[in-house]
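Shared between the two complexes below is chain A, which pairs with chain B and chain C, respectively.
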Partner chain A sequence: MITIAKDVRKELKGLGEKVLKDIEKQENPNIEIPIRALSNVVFDKKTGQLGLGDKTSKRFYFNVAHSKKFMQTMMVANFTNSLINEKIHASIRDMYYNLKRTFPDSNENTFDEQQESDPIIVDLEVALNILRENLHLTTDRKGIVAGNVVIEDRGDKIDWSKLGSGGWSIPSTVDEIDFDRVNADFVLVVEKNAGFERLHEDKFWQKNKCILIGTGGQPSRGTRLLIQRLNSEHKLPVYVFTDSDSYGWYIYSVIKSGSISLAHVSDRIATPEAKFVGLTISDIFEYDLKKCTIKAKEIDIKRAKELLDYEWFKNPKWQKEINLMIEKGIKAEIEALSHRGLKFMSETYLPSKLKKKDFLD
Partner chain B sequence: MITIAKDVRKELKGLGEKVLKDIEKQENPNIEIPIRALSNVVFDKKTGQLGLGDKTSKRFYFNVAHSKKFMQTMMVANFTNSLINEKIHASIRDMYYNLKRTFPDSNENTFDEQQESDPIIVDLEVALNILRENLHLTTDRKGIVAGNVVIEDRGDKIDWSKLGSGGWSIPSTVDEIDFDRVNADFVLVVEKNAGFERLHEDKFWQKNKCILIGTGGQPSRGTRLLIQRLNSEHKLPVYVFTDSDSYGWYIYSVIKSGSISLAHVSDRIATPEAKFVGLTISDIFEYDLKKCTIKAKEIDIKRAKELLDYEWFKNPKWQKEINLMIEKGIKAEIEALSHRGLKFMSETYLPSKLKKKDFLD
Partner chain C sequence: MFIIVKKTAEDFAKEQKEISVSEFFEKNKHLLGFDNPTKALMMTVKEAVDNALDACQDAGIVPDITVKIKQSGEDKYVVSVQDNGPGIVKEQIGRIFGKLLYGSKFHKLRQSRGQQGIGISAVVLYSQLTTGNPAKVWSKVESKKKTHYFEMHLNTMKNEPEVIKEEDIDYAVLGESGIKIEITVVGRYRKTIEDYLKQTSIANPFAKINFTSPDGTKITYPRSINELPKEPKIMKPHPYGMEFGTLQRMLHNSSSRTLQSFMTNEFSSVGAQTAKELCKVAKLDANSKPESLDRDAIEKVMNAVQKVKIQRPPLDCLSPIGESELEKSLRKEYPNAEFITTITREPTVYRGFPFMIEAGIVYDEKDIEVDDEKKKGDAIDVLRIANRVPLLYQSGACATIEAVKDVDWKRYGLSQSANSLPTGPVKVVIHMCSVWVPFISESKEAIAPYPDIVKEMKLAIQDAGRNFSRFLSGRRRAGEQKRRVQIFERYANEVANSIAGLTGKQEKEIEKKLLGMIKNRVKIIEKEIEEENNKNGVNNESNKEETKKDEKPKQEKIKEKK
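Up next, the complex of A and B:
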């Protein structure tokens, strides 16, 4: 287990002490928060990750424009401190309802909408350089995993290889699980749950000695954190398998480099070593799937053109694939592989790509 | 395990033999299919379920308007027969890609879009009186479960009480699982995953001897089938816990009585004995959640008015709640209970409702 509760408490305490010191010195109490606007998002070529630059702003107590947010920041910090002390978790929506109050003899609420409390959480993530998950705040879970792995979680020993057709549902917080045994050569991340089910039924993870993760679309933070831990702690290569379209490729890029809106936590939830195994547009021709392509919509092409400009798609092989999509005006889903037979994906396509190391990076 | 593969094969064989017989008798080969339009959907007050009436239509081979669909029906029947024989499963999208072909020297495809193959599956469900799941066809999975239950699935023994914070991810087909041990007094179905996580963390299922199911919104067919099996095979009462709004109440109604679009399978996937435990609009006042209501939108009110007319909401207690919502113009989420403390839901609200048997039926 990564025991970080203590450090997070220290960070939260530090925040309180800083404000207290300001008051004692009779200064205007303030909190310094790195700026999260696009203007302060940078791509670090060395680490291959998005991150925040060094621009910061200060939130003051004695400032009509700041004071409500200042109070909200203190309330959220206090709330998460209680969560950690009581060893319980809450969803970000639970927190909103819990902190919503009306000041006596007024119509003024501490928080009017959840849209007010959500950004405060990110402010704390950035200001204290911690993850929301470490503050015991959760969001919706998504993602399933199967493989030859035994973990410990809340006192239970869970064997990911013995969960029948179901698999383990990945919770929103995975930093409290311990890995007891990890017997795998790599991690295969599949965008579609249907793809996960097919590969799981064909015992792909067993035959190919891997850990199989289904993300069900854009992966949840919990799923990204799990991928990151398997890669960094267990040195497992990560291969991402998505539809052959801008949306699927963006899913790969989020796993690998992080997203703009979560740039401040990329270094902890992204996996720069992740490689893309498919589908590529070239695969459509190489594996004879032309019958099963879909005409790309205007939005797909627009999105593809945006990807061309991203630093982390500058590899000539990626540029070739993206341009090929724009030129041909087609896309394809991983299910298209079923055109060649239901077991084509698990017995031919993936083993062949993996053997040839036919990856995009 | 409910071994139905044999019966389904028999049904599929029967379909083929019927067509063969037509040909031998030199009659126009045809298939009889019950009509699924709203005009043929009936609510059975005795069973409390939606179902199909007795109107049917015939699909003929020698009829320009029918022949393509006739061919498609035969193709899908043949495909699912292979799935059953090979003991593998496929998603309905996999099937579409697998069956998509172009006739030689033409531009004519067997199927142009998945929208063409999906209804054919339902035709077979209705005509053969079987479930799509029995044809080894899957759709997207959703739903998580935890509780004092041991099942067997694909040769694995899975203990739902020992899955840490994750829970078991409910697969799209649950008719092949065996229940080894079911130690619970009731099933609690929660609409929201966040609610599931809170209750799971508070060990609600352990303290209250129940099986906890999170549906993550409108429950998948797999989740509905699992609820139905726990109720019918293990005589467990089922209590549904949703937001206090028309959408949440409709989720309850789908679990209990089925949906119009799936009326033909209600008797096998609905659970008429299910009761509604909350949230009601009255709860908002009884449990002091007034601060945390949300103004109902026009669409919520419109939907609520529709619910008033449904046969299965005719109970005066339901009518009172729905009218109260329309009158007050408010709704509330289950997370609103966090306003009274994070453990209020698991330690006060639910135990009190369950003890008082304060259900809507």
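Up next, the complex of A and C:
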């Protein structure tokens, strides 16, 4: 479960006290941070999630190569601590500007670019085993949701079924919303906004009693957390619908198992029960879409070969699909289904796949 | 119709006449270095000072020289140079100052400032051509005797002095003895005169020079040592590097009775054995009369010299500044320099002439910071000195510059683009002393870049460079230590502030403790730098780990591109 604010404060205070103790003992002050490089990313077969191994590195104050980052880490910790104390939120860009200053008698800045402060936040997440969202840091909204659901967000009640042509934009702080009413049988996650629009206009979520989520490409942490909460708190099965290519399939895998760069938060924002509904290469033949395929580029093939090697794609069905793509040298977008009619996707393809439980796991 | 009048050889003969040397130089002022007013004023000072130094040194007197420049018209300057040398006897004054190519040095192979006997008389000639004023000379040879005063012109047709006024005067112009010369020339005053005097003082640590510039500023260049250097010995010519004409003249003027004795008497490093062998190889009778040798025979001698192994010339004819003397004198002129090193190479030989190279490197970062005109990106200064005389023009053609460019300065941390001088707060001094410095022109502005000489200069710089390199690495270590301490100190406040925010403890207390720790760690920092240097390592292990973490996994990157 998500760490609550009181615990986060304890963690931050703990960090400060640890460093202070180093100083009092006349030892080189340091912060221990698990390594986030690929070499320390492991796939847990039992939970079906990516996670960090136990390799850590220490960031020392008295090491010219570390010193600045040490200071920056302490600054970010202190900044988020005051956010929590004052019960306000800040975007990661706000934080960058707030902490940026020039040292007296020099032309050196605490931070030169936001690119410097962003990784520090992740370092802190990893070091303290807490989420950025719990540190009251926000990012841009990305992802849309629609469905027969009512939520409470900062005191306002929002009905996801009454938002007209749009949907509800998913914020980065999904952990702070409460579900009032959830009336759905499953969650359908669509990779593309265009696909979301199509299904939303066709009232797919109404007709099929589901929650429809559009990720707009690689899903944001907020979107992933929302999917995870709907799955774990409301026991809703999750089906992922993406293009039939290696990139689409990786989006599915990020939702299900977590990503390599954010392996440390997989257990909190990944949904191991998620299943893949389409598009597969087999579907292209099954639904007669051969004319609408795109020739796979060299990079697509290379990426597909990498997927073959990932532990979490070792399922024989997946291996078959990926090999088929490599062999045929083709890929297809979900919009290809419109070749069979604009409503083919919402009225024929998806209902039939769902009914047959034709999923990849 | 045209009538073509054919000229006969006789007609031409009437037009053809001897050109006096003076007339020749009148038309070719640039050959002596008087190309423009700035250079002309410089040459005037330089020739007079060089003469004064030579005179004092030859007489065994520690030189005390006074140089005054006064502006007497828009472009006219009165230059007066006074020394405490032995003075010049009445009878000689005219010829020394008023006749070109008259002097004591041309026929001797001996290290001296002047060589040809042109310098000061060329100044007199130039003064006369540009202002019409006579040269004024005061000379005192003994303290008991009166000062002799002279005013003169130079007769360019005859190349002879023309005395305008001559008298003995009672009042004291000079001290015990010495010469004072006063010359009016058309010129332009530039600070390069001061550079020249400063460099002269560096090259002649035993000389004291007082200078008064046209605006009345007085500068003293004190001596840094009190003794004169050992007097350089006169050297007989060495057979290597002998030219046909010279040999012919020597043979004809020789008083030796046989070819063999001519060789042993007139040349250095030639004993009876070598002389006999030379005659044998040349297939000439060792007993033949020197003046009887014809062109053919001289040619044979020349060829034999190339074939027979002859000992190198004696090296006691050289008088270097000296390693410690040069260093003292550089210290005196660059008191703020962080580092000075000097070296004197062993003597060596080019074309039969012994020579010696000395080099010095001065590292003076403050000089650059103080001097606004100079920027860090400027090329280093090269002080070029030949037989204790600074060279100020035509540096591009000079052997010294070629040698400096040839050295790899990047290893000393200076930036240098291909085939150019490096940049940085560095001065390089190169001194060549020799019985015969090969200048590229009569105005003696640049040393001809003979490969043997350039090579020796480069070796000298590299020798000095080794010391320089040691200094720089020590300095770098100290700088790195300072940098690290600064970094830790700089971050202490933010760190203390953050810890205070997180723990609720006093910020000032924490900062004080942190700063205290930095003080205690100086030794550790020193050791760390030492270890890193030993490893030659830019990346130590812990640095690597930190960088690795910032690499984004490849897969994510590809996905983002979509």
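The criterion applied here is as follows: the second predicted complex is superposed on the first by the 358 of 361 C-alpha atoms of A that agree within 3 Å, B and C clash if a C-alpha of one lies under 4 Å from a C-alpha of the other, contacts with A are read in each partner's own complex, and residues count from 1 in each chain.
FYI, a residue touches a chain if its C-beta (ideal position, glycine included) is under 8 Å from a C-beta of that chain, and two chains touch if they have at least 3 such contacts.
None of these values were measured; they are calculated from a predicted model.
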Touched partner set for A:162, first chain B, second chain C, both or neither: first
Chain B versus chain C as contact partner of A:119, first or second or both or neither: second
Touching partner for A:141 - first (chain B), second (chain C), both, neither: first
Overlap of the chain B and chain C footprints on chain A, listed as residue numbers: none
Chain B - residues contacting chain A, complex: 83, 88-91, 93-98, 100-102, 138, 140-141, 144, 151-158, 162-173, 176-177, 193-194, 197-198, 201-202, 216, 291-292, 333, 335-339, 341-343
Touch list for chain A against partner chain C, complex: 12-13, 15-17, 19-20, 23-24, 26, 29, 33, 35-39, 41, 57-71, 74-75, 77-78, 81-82, 103, 106, 108, 110, 119, 123, 217-218, 247, 250-251, 259-261, 299, 303, 306
Residues on chain C engaged by chain A in the complex (per definition of touch): 483-484, 487-488, 490-491, 494-495, 497-499, 501-503, 505, 510, 513-514, 517, 520-521, 524-525, 540, 542-543, 545-546, 548-556, 558-560, 562
